[in-house]
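Here subunit A shows up in two complexes: once beside subunit B, once beside subunit C.
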Partner chain A sequence: MSAEFELTRNITIGQYLPTASVVHRLDPRFKLGAFAILIVAIAICNTYVGNLFALAVCLWLFQVSKIPLHYGISGIKPAIPFIIILAIMQLLFYGEIANGGTVYFQYGIISISSESIRLVIVSAMRFVEVIFLSSVLTLSTSTTELTHGMERLLGPLEKVKFPVHAFALIITIAIRFVPTFAMEMEKMMKAQASRGADFGTGEWWRIVQRTKDMFPIIIPLFNVALSRAEDLILAMEARCYMPGASRTRYTQYKAKGIDYAALGASVVISVVMLGIPW
Partner chain B sequence: MEKGLTVRKIVIAGVLGAIAILLGVTRLGYIPVPTAAGNATIMHIPAVIGGIMEGWGVGMIIGLIFGVSSFLNATVPLFKDPLVAILPRLFIGVTAYLTYVGLKNVNQYLAIGAAGFIGALTNTVLVLGLAVIRGYMPFGVAATVAVTNGLPEAVVSVIVTLAVVAAWKKLGSSGRQKSKISGDF
Partner chain C sequence: MTQPIVDVQKLSHVYMQGTPLSHVALNEVSLQVQAGECLAIIGHTGSGKSTLIQHFNGLIRPQSGKVIVNGMDVSQPKIDIRSLRRQVGLVFQNPEDQLFEKLVGDDVAYGPFKMGLPLEEVKNRVKWAMDLVGLNFQEMKDRPTYALSGGQKRKVALAGVLSLQPKVLVLDEPTAGLDPRSRLELLGRIRRLNREEGLTVIFVSHNMEEVSQLADRVYVMANGKAVCEGTPRQIFGNQELLREHHIGTPESVDILYRLRERGYDINPGAFLPEETACEILKLIQR
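So, the complex of A and B:
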């Protein structure tokens, strides 16, 4: 029960594991680029061997970045029941929609074909791969590096009047405020509980009741957030912050050979992954 | 982004984005509904509120933050697909804003409530539509989920949006809005 109130403990956002590996030292711009290429390739790839290859690449990344594999596995554990339920549904009901392939079994609306089996296995593998990849990225890159890298990567968009700097600032503010609001929320939950409200004690099938329990938390949370926003707006304007004004940067990134190599490797891996015909 | 981003827009987008992330990581943003898609969500509400308060640009950015955070936190394979997790969420704030602007002159409360409803509906319809197209669930299942998850989502969205925005608008006029530079005088 007490664990219900320990919100700040569960926030793993910006969790960073400094093992000082090659992956950690990569230029964040190139790391993000390589990550994006691999994610897109995984989302498109729907062959068995291609996905096996992608899985091998993910495991190799854990090895190279010196991150213990259980960090990745802990991300998969809570999802296993969902994966199984979804897999069974896809297996039973998807046969006739996924046309093509040989039909092995058919009874009423239930039909199992080679295509639906492929769909089930590939989507489960895809899920594991994406979890592994995103854990490597977030565990090896600090949030500051991530936002800086993103800002630089989007830099060219400034030519078409896209407010890149403002956008990076929004992301930074959002990440900065998550722990603050978590604390506020904890305070509000404790305040409500000390007045006799109960959270999470209702049975799961009493959906309406459990939803109603949330209102005394959610609505004040928005109000606290908005009044904090007012404070921040006032503070920024008092210091003459001008959105869109040109400003210099504190951190400068310089690409090295290894960064280009990483980007090249991700392209090669994607091409191989999509090129495998089975 | 008609006039570019003001300080106000930047900060409101950041702060509401933070709430979207927070609701996701603490699991408080989920209504436990026992269906195929797992849980109903209330995490689209920050995008709706941002859209109503600061326009479609802010709504779209909050939608993007919500989408990316749900993509990174997802425990269901369905939302580990960027096409399903991120793309549909961009439009939540936009439709909410359009609804609000369209009905604003009829009745403020009606407009806010309707924007909450339409915003939630945008999320449900687009996410499930893409789920069907991308082959994660057959049409029949998606339709059931739309009713069992989408309906509670829409109702909760209307209530929270109305409560927050109505309260905030009243406070704003009575001097709660501290900064007068970026607001309209």
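So, the complex of A and C:
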């Protein structure tokens, strides 16, 4: 109850936990690359043991990057409803598509087979693994590093006129302002609650009423967002920001042995994961 | 001594409890406010003032310690929280951000409507609240909120809280960011609310002129602790205390202390502008 309005605590995007581990010190370009390889491997891998291995790798990554596991677990909590709904859908309707294996139960379009059960378990595991991986990545990499890394990796796309820098800037700004707006929203909710507003107490079927209850927060929040955007534009122009101008960089990345090792390790892990036949 | 209207006993609060980022905002703070009083809370940024005042209307529930407002124990989960929020009107920093209705009158009426009052009563309250902050009801009620000046918007927001007819008015830096004229006017309004309407006023401020002129009692906070309290005269008249806790002073107090350091016989407790002027006049005429 006392955490009624503590919104900022629940937002893990852009939350960075500086523990100065090996993972934190990796070159962001290589780190992004290594994590991307792992995620692709997880997406392909459809064996039980392969996924168990991937789960073990995730837990090991938490250990190596010195991040308490409950950060990863708190990232899974909001995803649980999705995982459950996904699992039910797959269990009921995927028997036909995921053919092969023994069919245990069939009624109309509902069909449960050993293959569909495997699909359910494997996709739930994949979900957890991907959340763990992205938690480790965002908790061990500051948002600036992330966007720098992304910008560098997307660099070659400049050749086909893709606005890489603008894209990276948009992402940086968006991520940067998530906690800011969470705080604004918290303040707005408190201010309106002080004037007698209440949120989410009406019956859930009265959707119109519940939507109307949100107006006193949403409308001022839009106002604040727009005026902040204007301030940001002014601040950028005051420092001579020009879209599309060529600019040098303050941070220069140089790959070290450990970075290549990380990339190599991710390839090896992926090969092992996909090579497991069960 | 009568029962205080706001009674805070050994209140502590930790933000982000149970994470590596946890941070102690309040540490065993105790504070009593009598009905009808005007209390100023001062302290540097991060000293816990905002956290403290959010306990007064139950936006934050006590983690440990007690907050009793007008006989209601805020730590009890079963109390009528809406009734508590009606009794304690909390006005946040830059309250003009919170306006959301198109018309001034509608925005002020939001609180009373939420209470489910009949239309006639809502109208009376809106008129009463707008009068108190110095907005003409007939003239202003149908103005669009976005076309108001910053000072007027703040008055509308204040009226929006006053229309709940609270017993205690809590203000977080009520005059921050206003031009000197709107500032003086708003201060006058707040003083009148306290002296004439009998509202208990608790306000947070960084402006020591304001504190010295408005408050009956000053409460100084630092690092989540209450370091001292007293009347403005006791606080500003005690140079050791001011130095020890790095409390800023009104300009008049500065002048008085500087004169005293140069060896003039002067009473540093006379910090109201008129009193300071009198003291200096006495020196000149001697």
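Everything below uses one rule, namely that the second predicted complex is superposed on the first by the 243 of 278 C-alpha atoms of A that agree within 3 Å, B and C clash if a C-alpha of one lies under 4 Å from a C-alpha of the other, contacts with A are read in each partner's own complex, and residues count from 1 in each chain.
Simple rule for what comes next: contacts are C-beta pairs under 8 Å (C-beta built on N, C-alpha and C of every residue); 3 or more make two chains touch, one makes a residue touch a chain.
Since the model is a prediction, treat every value here as computed from it, not as a measurement.
**Q** Tell me which partner A:85 touches in the superposition: subunit B (first), subunit C (second), both or neither.
**A** first
**Q** Per the contact definition in the header, classify A:188: touching subunit B only (first), subunit C only (second), both, or neither.
**A** Touch partner of A:188: subunit C, not subunit B.
**Q** Regarding the shared-chain residue A:215, is it in contact with subunit B (first), subunit C (second), both, or neither?
**A** Both partners, subunit B and subunit C.
**Q** Of the two partner chains, subunit B (first) and subunit C (second), which one does A:17 touch, if any: first, second, both, or neither?
**A** second
**Q** Counting touched residues of subunit A, say whether subunit B or subunit C comes out ahead.
**A** B
**Q** Once the structures are superposed on A, label A:196 by its partner contacts, choosing first (subunit B), second (subunit C), both or neither.
**A** second
**Q** Between subunit B and subunit C, whom does A:66 touch in the aligned arrangement: first, second, both, or neither?
**A** neither
**Q** Tell me which partner A:223 touches in the superposition: subunit B (first), subunit C (second), both or neither.
**A** both
**Q** Just to be sure I read the superposition right, which of the two partners does A:167 touch: subunit B = first, subunit C = second, or both, or neither?
**A** first
**Q** Check subunit A for residues that touch subunit B in one structure and subunit C in the other, and list them.
**A** 215, 219, 223
**Q** Using the touch definition up top, name the residues of subunit B that touch subunit A in the complex.
**A** Result: residues 1, 4-8, 10-22, 25-26, 28, 31-34, 36, 38, 42, 45-46, 49, 61, 65, 72, 74-78, 80-83, 135-141, 152, 156, 159-160, 163-164, 167-168, 176-179, 181-182 of subunit B touch subunit A.
**Q** Which bits of subunit A are touching subunit B when the two form their complex?
**A** Spelled out, the residues of subunit A in touch with subunit B are 7, 10-13, 39-40, 43, 78-79, 82-83, 85-86, 89-90, 93-94, 97-98, 119, 123-124, 126-127, 130-131, 134, 138, 163, 166-167, 169-178, 180-182, 185, 204-205, 207, 210-211, 214-215, 217-219, 221-223, 225-234, 236-237, 241, 243-244.
**Q** Under the touch definition given earlier, write down the residues of subunit A that touch subunit C in their complex.
**A** 1-2, 4-6, 9, 17, 68, 187-188, 190-198, 215-216, 219-220, 223-224
**Q** For the complex, which residues does subunit C have touching subunit A?
**A** 15-16, 19-20, 54, 57, 59-63, 77, 82, 85-86, 89-92, 95, 97-100, 110-111, 114-115, 160-161, 164
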